[in-house]
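You will see two complexes here that share chain A, one where it goes with chain B and one where it goes with chain C.
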Partner chain A sequence: MAQEEVPMEWRQKFLGARGINMFLLATLTDATTNPLGPDNPLIVGLGLLTGLPGFGTGRFNITALSPATGSTPYSGNIGDSNVGGHVGPELKYAGFDHLVIRGQSSVPVYLVVANDNIEIRDASHLWGKDTWETQQIIKRESGDERTRVICIGPAGENLVRMACFITGLKDAAGGSGLGSVAGAKRLKAIAVRGTKDVSVAYPKELVEYFSEQTKRLMSQKWVKALGYLGTPLRMTAAKVGGWGEAAEFGVEGRVEEAEGLNAEKLLPYSLGMSACLGCAIHCRHRHLIKEGRYAGTRGEGPEYGALVGQGAALRNYDIESVTYLNDLCNRLGMEVNAGGMLSFAIELFESGLIGIEETGRPLKWGDRDTIEVLTQDIAYRRGFGDVLAEGKFALDRLPPEARRYLGFIKGAATSRREWKTVTSFVLSQLTASLPAHVYRSRPGIDILGLPAGALKALYGRYVDPDIKGYQGKAFMVWWHELLYAICDALGCCRFLTVFNSPHAPQYEEYRELLRLTTGWDLSIPKLQEIAERIYTVERLLLGRFGVGMRKDDRMPEIWLEVAGSEAAESKAKFEELLDEYYQLHSWDQNGIPTPETLERLGIVDLASLKGT
Partner chain B sequence: MPKIEIKVDTPTCTGCRICEMVCSLYHEGVLNLEKARLWVTDNYAESLYEPHICRLCEPSHCVEVCPTGALIQDPETGTIGVSQEQCNACLACVEMCPYQAIRWSDELRKLFVCDRCQGQPLCVSLCTTEAIYSVR
Partner chain C sequence: MAITIKVFGMLRSILGEASLVLDPPPATVHQLLNELSVRYGERVREELLDEGGNLDYAYGIFVAGEKLNNLSAKIEDGVEVVIASIIAGGDHSY
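Now for the complex of A and B:
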């Protein structure tokens, strides 16, 4: 075990969290690194402002090669999860900014991090426990309720490729299957307690600025709505705004039935809201179901993602069942809907491609019992669950025709349900540096129905207010990619930047926060250059895995099928958007960063990552 | 400074700990939740949080129980002043406080109790759910 200072050069180039994590991932791995082998580094990285007063600064990133999106079960791809809660700030208070965990233990272990010290402890008694039990046991053993824990559940232990980390009751580091990377290392948990001082450059001024900004934020309508309804408000907003798609309304667009999953339906179960550390907005419900079949269900959430994943996407419109299944996934340490594999399995069954002989039971849309059993079977790799636990690699054990039901973007599986009619959303998902990720660069401003003048005021140029239009959309995607790269590198929450509102904090506010906390006065162009550097390193990493070129930024066939008669026009228009998008990044017309760009960004030494 | 009565509405506390963050920065000049003059305890399994802050009791249990006279209540503001030099670390005040609002730091060998920020309690002004609120 070794401890080192984070070099100032890394800070200047990448700030922290996602930025430094990606640099480390690029330098510590190569194209042959097995994501479930000992050489895959599990990198925990805090933002420069994580744990400090700011805009949702409870957040940090966990980064490693993903075992879910590589070209084979033994090859990796970029993996990254951004997560909130309390454990990231606690790590800052313990004196650490980044943890790089390599190797593989022969027995289950967990890390105890406390004030400049890290210890490896036996976790035999924790292995097999769910994420809630694990955290309670560790807290009890530490004798300190303020010990914060991030851990994996049975899904991670069983190397399920959709396994995530959980901290608290529901904060999940998911999306890249990194829970299984920890499982392969037999690393059950990281427990953290920190009581060290964190010095800031201007304490009094920081408190004043934070107070002023918090009050400004809390006076805005969108913040109040988020604090009252939580992320589920998007279920309602999608309908009102007319941009809701198959995902929000169920597989067949069952708008009426999906009403059962509206944000307001959660309110009778809400005991109030809960927050990540340092966040005034508090966007998650604390729920309790008091009566009926799910009586006693107590936890946090469900978020929008669970309402879609465990709800609409499975045609399960019973909000109590969705809430229960949300908690179940959190306890098992697995993404909701097993990352889409539940929907995929039911679709295959209903189409007749697989039957009871394969699945052991009928799989039906909206069947709560089957969903519950199958969720458990995947986490424990029982029966047909073992097939689905392989994620997209389940295709190797399914009839060849099953391939028609999945599409791929940079190696990540996607379904028909994920097709959207919002041009900027589609482009952002196609170009995302985290394969097919919905939120990596979600440019959610043109869906607000703002006039062209308001969009121009934000972006500094014309952006078509029509969500199906094309003009300015490449610029939007690029602009949000950069802003979110900085947001992540600082450890701020995406929900508190220009994600839900054009009036949210962004570069100017980040700049002032950085100055008051670190004394470091960075210009906005400098921040944008750092963002460009982070995004370009990620693009180089994608290139290393053979998915970083123009061919990898195109729509999968199953989306074009959904687009129907508009497909031909869409294809041509998206090629034009890509031309513009690459120019904005100063990449070549094949989507590869040019030598001049690498030189300008000071990452020529990473150029060898190009190609495969 | 007038007497500022602060109340707590536990169910609305979100556990954001902004109160602790700004309190330590304002009073101690560093960010350290352990050095805040109020604190929030939590119950993980039930996802519940509870702020603890001095209620300016009259008479004050902490002052009454202090064997060295290290604690003195200001007759005008009701706040508890601490003479750290006189404190013998018996922690009787910590045990007696019905609100668990007075804290001892082993590291600093120091008692922490709310001083109402010279009349403008930061925690109150930044508690967005009014889990901590003042009554004047």
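Now for the complex of A and C:
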């Protein structure tokens, strides 16, 4: 085990978290690295400001090659998760900013991180335990209730390609199946307790600035709404505004039935809202179901993602069932998006492509019993669950026609019904530096109906206020990409930047926070240059895996077939959007970063990564 | 013909109701706000308007899937109006 200072050059070029993680991923892997092999580095990276007063600065990134998106089961693509809670700050207080975990243990182990010290300990007694039990046992054994833990559950141990890390009751590092990367290393958990001070440049002013900004944020209506009802609020907004993914509401868009999953339906079960460290919003429920089939279900969430992934996408409109499934996934250490594989399987069953001889039981929409059993079967790789646990590689074990029931972007599987009505949302998903990610770069405020004048004031140019319009949307996506890259690299929360409101913190506030914390006075163009560098490294990495070009930024053909003429007519317009988008990034017209851009950004040494 | 208002988000906790009927129906969003304020107090106007007196971006007022973006927008007879808090995330993906 080796410890070293994070080089100042890395800080200046990439800040932290996602920025430094991606640079490390680029330099420590190559095109042959097996995501589930010993050479795939598991990189835990704190934001530059994680753990300090800021804008939801409890967040950090876990990065590795993802086992869910490669061209074969033994290859990978960019995997990256952003997660909140309290364990990131604790790691900062223990004196560490990044952990680069390489190799593979022959027996289950866990890391114990204390001030400036890391031990590897035997985790045989934890292997097989769910994520909640694991955290409880480790805390008890540590003798210190303030110990924070992030761990994997049975899904990660069983190398399920939709496995995630969990810390606390529901903070998940998910979306890229990285829980299985830890499982392959037999790394069960990372336990942290830190009591060191962190020096900042202007402590008194920082605390005053933080207090003043927190008060300002807490007075805003969107903060109050999110802080009272959480992300489930999106269910109603998406439904009535017509900007939800068709997949959310089942096959024929059963929007009325989705009423059962509105945010208000959660209130009777809510014990209150909880927060990541220092956050002004407190956006998630603590819940308790007192009676009925799911009596005793107690946890945090469900988020909108669970309401869809374990709810609407399966035509399961029972809020109590979805809440139970949310907790089940969290305990198993499995992404709630695993429901997408269940949705896919039900479609195949209904179409007659697979039958009971493959699945072991009938698969029906809204069948809670089957959903609950199959969710566990996936985590434990039992029966048909073993097929679904392979994510997109389940196609290797299904009839060839099954491929037509999924869409693919840069190797990542999506629903075949992902067509949305919001142009900027579609473009951001197609071009996202994390394959097919729906909100890596999402310009959330596009749905607020801001008038042209307000958009011009924010972006400095005309952007069409119509969500279906095209003018200015490439710029909008680019602008948000860069802002979010800085947000992530600092360890701030996406919800506390220009995502749900044009009035949320952004570059000016980030500048001030950086000045008060580090003493640096970075201009906005300098911050945008750092963001461009982070995003371009990610683009180069995609290129290494053969998915970093224009052909990879296009809509899956199956989307166009399923969505019909509206989507088909937009094909040409999206090519024009890509033209503009590439110009903004100073990439060539095939979407490849140019030598001049690499020179300007000081990453010429990474030029060999790019695709041809 | 009366209109039905369905209310979601923070406004529901302010009104204390999930849905209501207005008869005679208001003809514009401005009239709708006036009517709701008469019934439920000025808190409604404070909640739905920003400091400049325009519709606050934190809310959407929808009729048949279309968002009404200003106070002078017309409301047809007999429609269902939905007032909901708007947020853009979380999300779902495969």
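Following the convention adopted for this analysis, the second predicted complex is superposed on the first by the 600 of 612 C-alpha atoms of A that agree within 3 Å, B and C clash if a C-alpha of one lies under 4 Å from a C-alpha of the other, contacts with A are read in each partner's own complex, and residues count from 1 in each chain.
We take it that a residue touches a chain if its C-beta (ideal position, glycine included) is under 8 Å from a C-beta of that chain, and two chains touch if they have at least 3 such contacts.
Just so you know, these numbers come straight off a predicted model, no measurement behind them.
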| item | value |
| --- | --- |
| Partners on chain A (chain B, chain C) - clash or fit | fit |
| Which superposed partner A:S199 touches (first chain B, second chain C, both, neither) | first |
| Touched partner set for A:A263, first chain B, second chain C, both or neither | second |
| Which superposed partner A:F495 touches (first chain B, second chain C, both, neither) | second |
| Chain A residues touched - chain C or chain B, whichever exceeds | C |
| Chain B versus chain C as contact partner of A:D130, first or second or both or neither | neither |
| First, second, both or neither for A:L271, with chain B first and chain C second | first |
| Contacts of A:L169 with chain B and chain C, given as first, second, both or neither | first |
| First (chain B), second (chain C), both or neither touched by A:G444 | second |
| First, second, both or neither for A:Q220, with chain B first and chain C second | second |
| First, second, both or neither for A:T414, with chain B first and chain C second | second |
| Superposed model, angle subtended at chain A by chain C and chain B (C-alpha, nearest 10 degrees) | 80 |
| After fitting on chain A: smallest Cα gap, chain B-chain C, Å | 16 |
| Footprint overlap on chain A, where chain B in one structure and chain C in the other make contact | none |
| Residue ranges of chain C touching chain A (in the complex, touch as defined) | 8-10, 12-13, 18, 47, 56-60, 62, 65, 67, 69, 82, 84-94 |
| Residues on chain B engaged by chain A in the complex (per definition of touch) | 11-12, 14-18, 21-22, 25-26, 28-35, 41-49, 107, 122, 125-126, 128-129 |
| Partner chain B, residues of chain A touching it in the complex | 51-53, 86, 93, 132, 135-136, 139, 145-146, 168-169, 195-200, 203-204, 206-207, 210-211, 214-215, 218, 227, 271-282, 286, 298-300 |
| Touch list for chain A against partner chain C, complex | 175, 220-222, 224-226, 228-229, 231, 233-234, 236-237, 240-242, 245, 247-248, 262-264, 303-305, 308-309, 313, 337, 340-341, 344, 406, 412-415, 436-439, 442, 444-451, 465, 494-495, 499-502 |
